[in-house]
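Each of the next two complexes has chain A plus one more chain, namely chain B in the first and chain C in the second.
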Partner chain A sequence: MATAFTPLRRTGRWVQEDRPAGLFKVSREAFTSDDVLALERERIFDKSWLFLGHGSELKQPNDYLTRRVGGRELIFNRDRKGEFHAFLNTCPHRGAIVAREKCGNALGFKCFYHGWSFNNNGKYATRTPPGVYPEGFGNDGSVDLARVPRIESYRDFFFVNYDPNAIGLHEYLAGAREVLDLVADHSPNGMEIIGGTQEYSIRANWKLLVENSFDGYHAMETHGTYFEYLMSVIGTSVNDDIAGMEDVSRGIDLGNGHAMIEGRAPWGRPIGRAIPAWGEDGKAEIDAIVTELTDRVGETRAHRIANRDRNMGIFPSLVINDIMAITVRTFYPEAPDLMNVSSWALAPVGESREARKRRLDNFLEFLGPGGFATPDDVEALESAQRGYAAAKFAPWNDISRGLLKEQPGGNDEAQMRAFWRAWAARMEDGK
Partner chain B sequence: MATVTFIAADGGEKALDITDGFSVMEGAVRGGIDGIDADCGGEVSCATCHVHVAADWIARLAAPSEDEKDMLGYAVDTDECSRLSCQIFLTPELDGLVVHIPPTQR
Partner chain C sequence: MSTATQFAPNPVATAQPARADYEDFLYHEAALLDEWRLDEWFALFAEGAIYEVPTAGAKDDVDSAEALFYVADDYGRLRHRVERLKKSGAHSEFPRSDSARLVSNVRILERGEAGDLVGCTFVTYRSKNDLTDVFFGHMLYRFTVIEGALRITDKRVMLDMNNLRPQGRISIIL
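After this line comes the complex of A and B, so read on.
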């Protein structure tokens, strides 16, 4: 999808492609330069739909949470009528952060610096004696909380865009919509963010985590320890099982810079793939879940939801991994070599206690910063970032794997190329 | 817990049970009563949660703070029964309280 009209050859400053020759290179300067980051802020983070939060995080009217999105502090909240809003979390007076808690429930917000107060729909709500400000001060909305220009949602995933003229979220999502549907359809009762937020930093460029998040090729090498442990639990040989899955996994361009790998992994999936370690009860429960799913969405779709694993990147830096649990992850650069990561677990509403336990065990065991995967991935990314100091003598990354194939597999690098082509269109072509 | 009766400008009445410790304003806003704007959400900053307390109740409320008295000066068409409803906190002794909602808060 979406590669029909991209040029066969590109010789940009940072991204170079020669498709007939099967070669794709990315300049390491893209990972190290302050100028590149400044341009990314202008052309990517200020002109893309960025994930704000999931509707389930604000269950009641007047609920709010605060979050840094694309370099700015935001309030994501619901007003007294339950409408969703996104405001810049900065006092219109002289800039202090207005909502200082991570989350809560409040009818209004009061700035701690000079006491300016606001209705939770953003309206300025502070009386001052006559003569202090001009007559009618604030009636024009000029000292209301500033709104983020655009806020839209799809299947309860809320996004913001700092560009008031951006295309709509629905169109922007392109082929990623279908994948969000596959995730949202796990449950007959809707999905919800569960548990706390995982927050951690990585001393590496944000685009390294984009690449890592849908990289199939690194799994056996970087996460060898995990797969050995997994196989000892499951009871089959690592290599046999993985080899059998090679032909199932694919790298897929979803359009607009979004991409995913989809395949079949050996671990258990709470939505529909049991492993022996979950016992007879676990198997029975999974069978019941798959039966309900099949009745609801039909056999083909149910099989895809239950028995296929998906790692998806939505441009620029939202990752949704629907694997042994579901992780929703965002990450933003604070410097070319520093990113802050936020990660959440998504789960079906009304899941059984046992299923929820299995899911959270998986989430912590593999996906979290204390789990089997992330620490090794962090080591890989930070190692690459250190290696980029040699850019003067080793200037290019190679991401050619599978470029000559009709249908690249999960171990190829089509996913990365989809991201980089979109990145280059913005950064080099000004699109 | 106390039952509070809200009488709208057009005479319509609605009663709400409000938990002890919550303000009349908060009970009203969360309970869907119209006419109490309460823009600042209870921070004694906006004077748009003004109510006229029923004459037989006004003396039974805890006295207003200096901050409330100052802010009440900004409310519209106040009288000796006027209070900012975000500063009336419910106790069992206030069970049966009646307040009148003004026609406008601005």
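After this line comes the complex of A and C, so read on.
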């Protein structure tokens, strides 16, 4: 994949790689500079496919939701025929936000400022007395709601792109498609976003969360208190489990800056790995889920879906972690040292109340602002950001772990290097 | 600083506690959390109790089996939350943050067989790493009386905020 085409050495301003020497460095200026952020907005966020939402969030025709994506307020909606759209949520008249609720079902949108109205396919639909505007006003579409240049989907994951000339989503996703397939295949009934969004911010550069989201190396050190809890629930030795994990875990470059770690972790998985705490009933239900899965996708694939944990980053800032639950997480920099994060839980449509509860409990034990792990990640990221104030005297981050290995493991840093190479290609080489 | 002990609530003499009994209890609870006396705080809960923080903007009756929360602790997880916060490995709270909890607008909302439902509003300040975050909202408690003492069976913290920006985390107990 992409690795094969990357040069042996890179001597950029922000990213330096010396592959024969096994060294990979990232400048801390990349996390602190306003100029870097401005360039990222131009070369990365305005040219990449950005996660907009999941199809399950708009179940019916005329459903809509509003969301900030890539720094802009958007309306993500379905029209009367059920077609999906992405509009810039700003009135073509004088700019006010047109749809001001988080979500709803509406045939059209009306701006509260002067009352300009639009059908939910974006068409201008304001009634005005004759003579006020020239005849044929807006026939050229200039006073319709402005569309985001591109909207495409893969397996119900909807993305937008602000670059009309961008490559298609399918090609862009490259090896990440296979991983989205694995997630989408959890259920014969499709997948859905569970109600309740975790919206929070971290006072750190956004790329620190990219790295952290698929960083197997930090798990035992940062999250010891989570694993102590887990082992008390599961009743096995964490060391045995971690040893088994390392044998099968891998860091994988998925192309175009997407990457993942895949392995086997000690926690239970609602899709196929029961833990004693779930009891006989829980185990029986998990067995039935695995049987259905095996019948549907075959034994090898079912084993991968049920028993392997995956932390995937889709360039630049979408994370889909299929671990003790499935989290979909996206984030955007408001400043070099501040990002806004939105996280959701993804789950099979139609799972039982008991299964859904197990899944949500599993999610909350580790993930999110109140979990036993994520708050400590936030602390680590904010701590690193404060450390970068000393960049003049301590200028480089080291991302070399496992660079000399034929097959880097999940606790190496190959997946981060895949991200940084794509980042550098855009930021330093203008690709 | 005053100590929580001075505010320790009196045992409840009657089967029907008054609002003042609940106020004493809630002020005492807040002081225990401000002072990081977490074992004593945990002892205020009846066995099998739950502690929940739904996502900001959720409705009071939101169900933790149907929606994603920030916190949905059963008694076992709550015990672990307390044990974890006592360790230096709870990095987000090591060194410990400073905090102050204000509790107000205490009302008995319902007298029931399942115990009294008590509501209040709160503002909690948390200070760490030269930054101060504010959490605010209302709380819903279900109480029972065990051996003459009030005990919590259900504590639900409703954040009346748009989201957790900029707070970022709920690493303290609200």
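Here is the rule we go by: the second predicted complex is superposed on the first by the 431 of 431 C-alpha atoms of A that agree within 3 Å, B and C clash if a C-alpha of one lies under 4 Å from a C-alpha of the other, contacts with A are read in each partner's own complex, and residues count from 1 in each chain.
Quick note on the criterion: contacts are C-beta pairs under 8 Å (C-beta built on N, C-alpha and C of every residue); 3 or more make two chains touch, one makes a residue touch a chain.
Everything quoted here is computed from the prediction, not taken from an experiment.
J.: Identify whether chain B and chain C fit side by side or clash on chain A in the overlaid structures.
T.: fit
J.: Classify the contacts of A:V378 with the two partner chains as first (chain B alone), second (chain C alone), both, or neither.
T.: After superposition on chain A, A:V378 lies in contact with chain C alone.
J.: Taking the superposition on A as described, I'd like to know which of chain B and chain C A:D361 touches: first, second, both or neither.
T.: second
J.: If we overlay the two complexes on their shared chain A, which of chain B and chain C does A:N340 touch? Say first, second, both or neither.
T.: second
J.: If you tally the residues of chain A touched by each partner, is the higher count for chain B or for chain C?
T.: C
J.: Should A:R386 be classified as contacting the first partner (chain B), the second (chain C), both, or neither?
T.: The second partner, chain C, only.
J.: Applying the document's definition of touch, where does A:G108 land relative to chain B and chain C: first, second, both, or neither?
T.: first
J.: Is A:N120 touching anything from chain B or chain C once the two structures are fitted on A? First, second, both or neither.
T.: First partner only, chain B.
J.: Is A:E199 touching the first partner chain B, the second partner chain C, both, or neither of them?
T.: In the superposed model, A:E199 contacts chain C only, not chain B.
J.: Between the C-alpha centres of chain B and chain C, what angle is found at the C-alpha centre of chain A, to the nearest 10 degrees?
T.: Result: 90 degrees, to the nearest ten.
J.: Once chain A of both complexes is superposed, is A:R353 in touch with chain B (first), chain C (second), both, or neither?
T.: After superposing on A, A:R353 lies in contact with chain C but is clear of chain B.
J.: Rounded to a whole Å, what is the shortest Cα gap between chain B and chain C in the overlaid structures?
T.: So the smallest C-alpha gap separating chain B from chain C comes to 26 Å.
J.: On chain A, which stretch or stretches are contacted by chain B in one complex as well as by chain C in the other?
T.: No residue of chain A touches both chain B and chain C.
J.: Under the stated contact criterion, what part of chain C meets chain A in this complex?
T.: Against chain A, the touching part of chain C is residues 53-58, 62, 64-72, 74, 76-77, 80-81, 84, 87, 89-93, 129, 131, 162-171.
J.: Mind listing the chain B positions that touch chain A in their complex?
T.: Touch residues, chain B against chain A: 26, 29-30, 37-43, 45-48, 71, 74.
J.: How about chain A: which of its residues touch chain C in the complex?
T.: 102, 194-203, 222, 224-225, 228-229, 232-233, 338, 340, 344-345, 353, 356-357, 360-361, 363-365, 368-370, 372, 374-376, 378-380, 382, 386
J.: How about chain A: which of its residues touch chain B in the complex?
T.: The touching residues are 62, 80, 106-110, 115-120, 123, 125-127.
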